[in-house]
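Two complexes come next, and they have one chain in common, chain A, joined by chain B in the first and chain C in the second.
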Partner chain A sequence: MSRINMVGLGILVLLLLLLPLVVGGFMTQIATTTITFAMLGLAFGLGMRVGLPRLDIAAWWGVGGYTTALLMKAGVSFWLTVLAGGIIAVIAGGLLFSLALPRGMIAFFVFCMVLSMAIYQMFGSVPLFGGWGGTTGVPAPTIGSFVIDTQREVYYLGLFFLMVTVTVYYLLYHSRIGRAWDSISSSLKLARSVGIDVVRYRMANVLIGNFFIAVAGGFFVSYYRAAIPSIFSFQAGVNTMVYLIIGGFSHSLIGPILGAIIATFIPEYLRFAQTYQAIASAVVVILILMFLPMGIMGWVDRRVKPWFYKRKWYARLSNWGVKEQPKMPV
Partner chain B sequence: MSVGLFFQLLANGIMSGGMYALVASGLTLTLGVVKVFNFAQGDFLMLGAYLTFTIVVTLGLPYPIAILAALVSMAILGALIFLGIIRRALNFGFFNSLLITVLLVTVIEQGSLLTFAGQARAIPPVFPGAMSIGEVAFSRGKLLVIGSSIAVLVALYYFMKLKIGKAMLASAENSDVATLQGINAKQIFWMTMAVGCGLSGIGGAIIAPVYGAYTMMGTMVFSRALLVLMVGGMGSMSGALIAGFLIGIVESFAFQFVGYLNLVVILVLVGILMFFRPGGLLGKPMPVPGE
Partner chain C sequence: MSMALLELKNLNMSFGKLQAVSNLDMNVNQGEILGLIGPNGAGKTTVFNVITGNYRATSGKVIFKGEDITKLAPHKIAQRGIARSFQQTFLFQWSTVLDNVLMGFHMNCRAGALKEFLHTSLARKRDREARQEALEILDFMGLSGQKYEMAGSLPHGHQRALGVSIALVCHPTLLMLDEPVTGMNPTETIEMVERIRKIRDRGITVIVVEHSMKVVMGISDRITVLNFGHKIAEGVPDEIKKNPEVIEAYLGKEGK
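Moving on to the complex of A and B:
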């Protein structure tokens, strides 16, 4: 990452850290929800890196959430429950996906949808999970004796999880595994022909995603203090796709975060429409998809960045800290 | 289990199976030809059902008119949606058009909620009363549904053998070469969409006298259609047909024993089936996007 990019990132992180000190409690709450959705969107982006649209994210989100809810009510420490949820999601995912992954993208896609609906049904029907009313009264997470229960503290906890997620994904994307994933999404047949075991890399991808999705679930439930089936609905899973695509699906890290922010704010701004809010939000998103098909980042790439590239001051700024390149002999 | 109950469950299963087969056929057809996964497929069924209610109850017209109206109006609506909205997104890949259909689900369902104030509508049965086959009594309405859905599916089968049906299958396999053969690919796209949505619409009209019309019926049927697609194979029309009835029957019996968990039961069975017979049951599937 170039020096200027690192500075930019640093500024962004600083702003995120200062956010609760600047805005009110309600906004912090919205920001916390946005953070959770961003984590889910990032997981969808992870799946897209290997060409797999994962509509089952809501299901694993629920798995992590319910694990945390039930275990914390039994007295287990928050951090252990998050870990447990992640492990369960990985194992269950491994078993289930072994059926669907080798069958190709569309079969996987349909399988995920059905899985999501079935698990949702399970959360509501099985008495252990508290039925359709869910499990409430989940205690607040703690670090040692420090209880995390104010709006701000929960926000920072979420921010922590988000940053860990983004860092891990970033490192993965820039590793050998990430390059293998890119080759799979670019041209599957070609990747196979050079000896990349597509199914194995895809399995690794979705299982890693499962872990972080479950972590997001554990966080959300400890923030919400309850695990209710209606949270983990199929619609929630579909929304993760919306975040990525609105944000820009070529940018797996910024896209979902941006998309989550926008997707959370559109309904807020349309709140005045009340009963028409849902339709209005859907129409707005359809319009965005029709006219900005590559998402917001796609628009930025096409229209905003070139403006900067043409400025001399930008050229000098991006070359800051770049070592002198050896000159070609003329 | 008594014989009577067994046949009742079987009849119920065939009845819902017919619906699933109709919706899944439309879904798979659109997927194969237009390469669009129409999430809103179930909602066209819902609209067809509500339209039937409006025509039969509010306007007092005879039932066959409602069936025809549902078919035609849903076909036109599907074509318009394709031409207006989906066509733009097609150039940008599978997921954009998919997402648009997903959002259309919200639009259509919310629209229906607002229009019909969320009330389920009941439609008086067309042939009231029961009929006996052997010792078992079936309501005539259910038999009518079974008969009508089979009739539509048979009609679909022959449609696929017509020139236009073959043109659709050709476009599905390779739309460039199909164009070289003189098939207007662009026309085929909206026509296919029209057929797919029309199938759902007529399904809604058929099922309306038995199940009435309620807002979530679209999503309910769609989720079963997904299972049908998995079992029957993604691009396979005949697979959708057989798997539709299969899933309907399994669901009917499973519901008797485990209630709403039948979705989990079906998923387990489907999972086992996929393990032994990947790629669906039979027939030559149309190629679908993604390997």
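Moving on to the complex of A and C:
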């Protein structure tokens, strides 16, 4: 990362930290919801790195959510329940995906879709999970004796989880594992011909995704104080895909976060959130695909960045502290 | 019996009713360049795909270094030392030429997944070494001037060269080249032929499928000729040139 990028990132993190101090409680609440959705969108972006569009995200979100809800009601510490949710999602995912992943992308796609609906049904109809009314009365999470219960505190808890997720994904994308993933999504045949075990790398990808999706579920339940089947519906899984389409497919970190922000804030402001949400997101997706086929970040890449590249001050700024001359952007 | 590097034993490959390869016996010796030729649809690329595990042979065996690899998955075969370039230029289209080659390094840089993930100094050292070797390979293949260009934007001939570079990164024992000079101009072709010879001189065995007779005759130590999935001739280039069956396969009966 160049020095200017680090400064930019630092400013962004500072703004996110200051946000709840500046805006009101309602905005903070929406921002907290957005953080959860961003984490789900990031997991969808992760799957796309190995060419797997995942439609089962809502299901694993629910697995994490219900694990936290049930265990916290039984008196287990919040942090342990989040970890447990992640581990359960990884083990269950490993068992289930081993049936579908070796059969290729289409098989996996269909399997995920069916799985998501089945797990949703399970949450509603198995008595353990509290029926369609869900499990309510989840206690607030704590750190030692400190209770995280105000809107602001919950926001910071979410921000912590989001930052951990982004950091782990960033490190992964820039490691050898990330390179192998890229080669799989870019050309399956060539990846195999240089000795990459496609099934194993895809498995690692979706299981890492599962862990962080479940963590997002644990966090969401601790904030919502309930786990209700309708939250973890198939629709919620489809929405994660919409975030990436809005944000831009070619940016697996910024894309989903940007998409989640737009897709959560705008409906909340226009107050048509619940009733027309599905129709609104359909319209948005069609408009995006028509006018910004690579999403907002794709438009930034093509239209905004070249404008900056032409400025001398920008060149000086971006070369600040860079020892080796990096490759020129095309 | 001399030990062949690669042996095909009574190999059959059929797609439904179409018999693409029938009863093929073929040996590739250590350190040679074997030309595999034949008219369109003779089954050359199918043979490639069977050897590399992309197709599962209907019957028969593929033996590499004494080991039966007929039923192995493609990545396992690659890990045993067989690398290939593709006829269609399969490349990582949206990455730079250098990144393309680096991706091929996957198998050679084993810092361990966790260490690599944490960007430890060992992983970084391996990364530097990989980069160094990638640059050497690009230099050898005549692509050092294009290393920061997008792979998808390269002219066709350069894309072929890049395909070979990626295959070379895998440190293969056996390199399989599918039409390596197609789309190249005469100068590029001569350079490519020279490079294939140099690759052989480094001790890598090479199988070449190529349409250009001139190239195949000039480069190969031995040639195997296929027609409609059958082997119709085998031998040194001079023998093949005179073989009446080969002439007939290429030119038809009128050509005699």
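Methods note: the second predicted complex is superposed on the first by the 312 of 330 C-alpha atoms of A that agree within 3 Å, B and C clash if a C-alpha of one lies under 4 Å from a C-alpha of the other, contacts with A are read in each partner's own complex, and residues count from 1 in each chain.
Keep in mind that, in the parts below, a residue touches a chain if its C-beta (ideal position, glycine included) is under 8 Å from a C-beta of that chain, and two chains touch if they have at least 3 such contacts.
Given the structure is predicted, the values throughout are model-derived calculations rather than measurements.
Residue contacts after overlaying the shared chain place A:Met241 against chain B, while chain C stays out of touching range. When both complexes are overlaid on chain A, the residue A:Ala278 reaches chain B alone and has no touch with chain C. If you count the residues of chain A touched by chain B and by chain C, you find the higher number for B.
In the superposition on chain A, A:Lys189 makes contact with both chain B and chain C.
In the superposition on chain A, contact of A:Arg176 is made with chain C only, not with chain B.
In the superposition on chain A, A:Ala216 contacts neither chain B nor chain C. Look at A:Ile261: by the touch rule set out above, it reaches neither chain B nor chain C. Once the two complexes are laid over each other on the shared chain, residue contacts for A:Ala84 go to neither chain B nor chain C.
Across the two superposed structures, the residue set of chain A contacted by chain B and also by chain C is 189.
Within the complex formed with chain B, the chain A residues making contact are 51, 53, 96, 99-100, 102-107, 109-111, 113-115, 117-118, 121-122, 125, 188-189, 238, 241-242, 245, 249, 275-276, 278-279, 281-283, 285-286, 289-290, 293-294.
Every residue of chain A that touches chain C in the complex is listed here, in rising order: 171-172, 174-177, 179-180, 182-183, 186-187, 189-198, 327-328, 330.
On the chain B side of its complex with chain A, the touching residues are 31, 37, 85, 88-89, 91-92, 95-96, 98-100, 102-104, 106-107, 110-111, 114, 223, 226-227, 229-230, 234, 259-261, 263-264, 267, 270-271, 274-275, 278-279, 288-291.
The touching residues of chain C, counted against chain A in their complex, run 52-54, 73-76, 78-79, 83-84, 86, 90-96, 102-104, 106-107, 109, 111, 113, 116-119, 123, 148-150, 166-167, 169-170.
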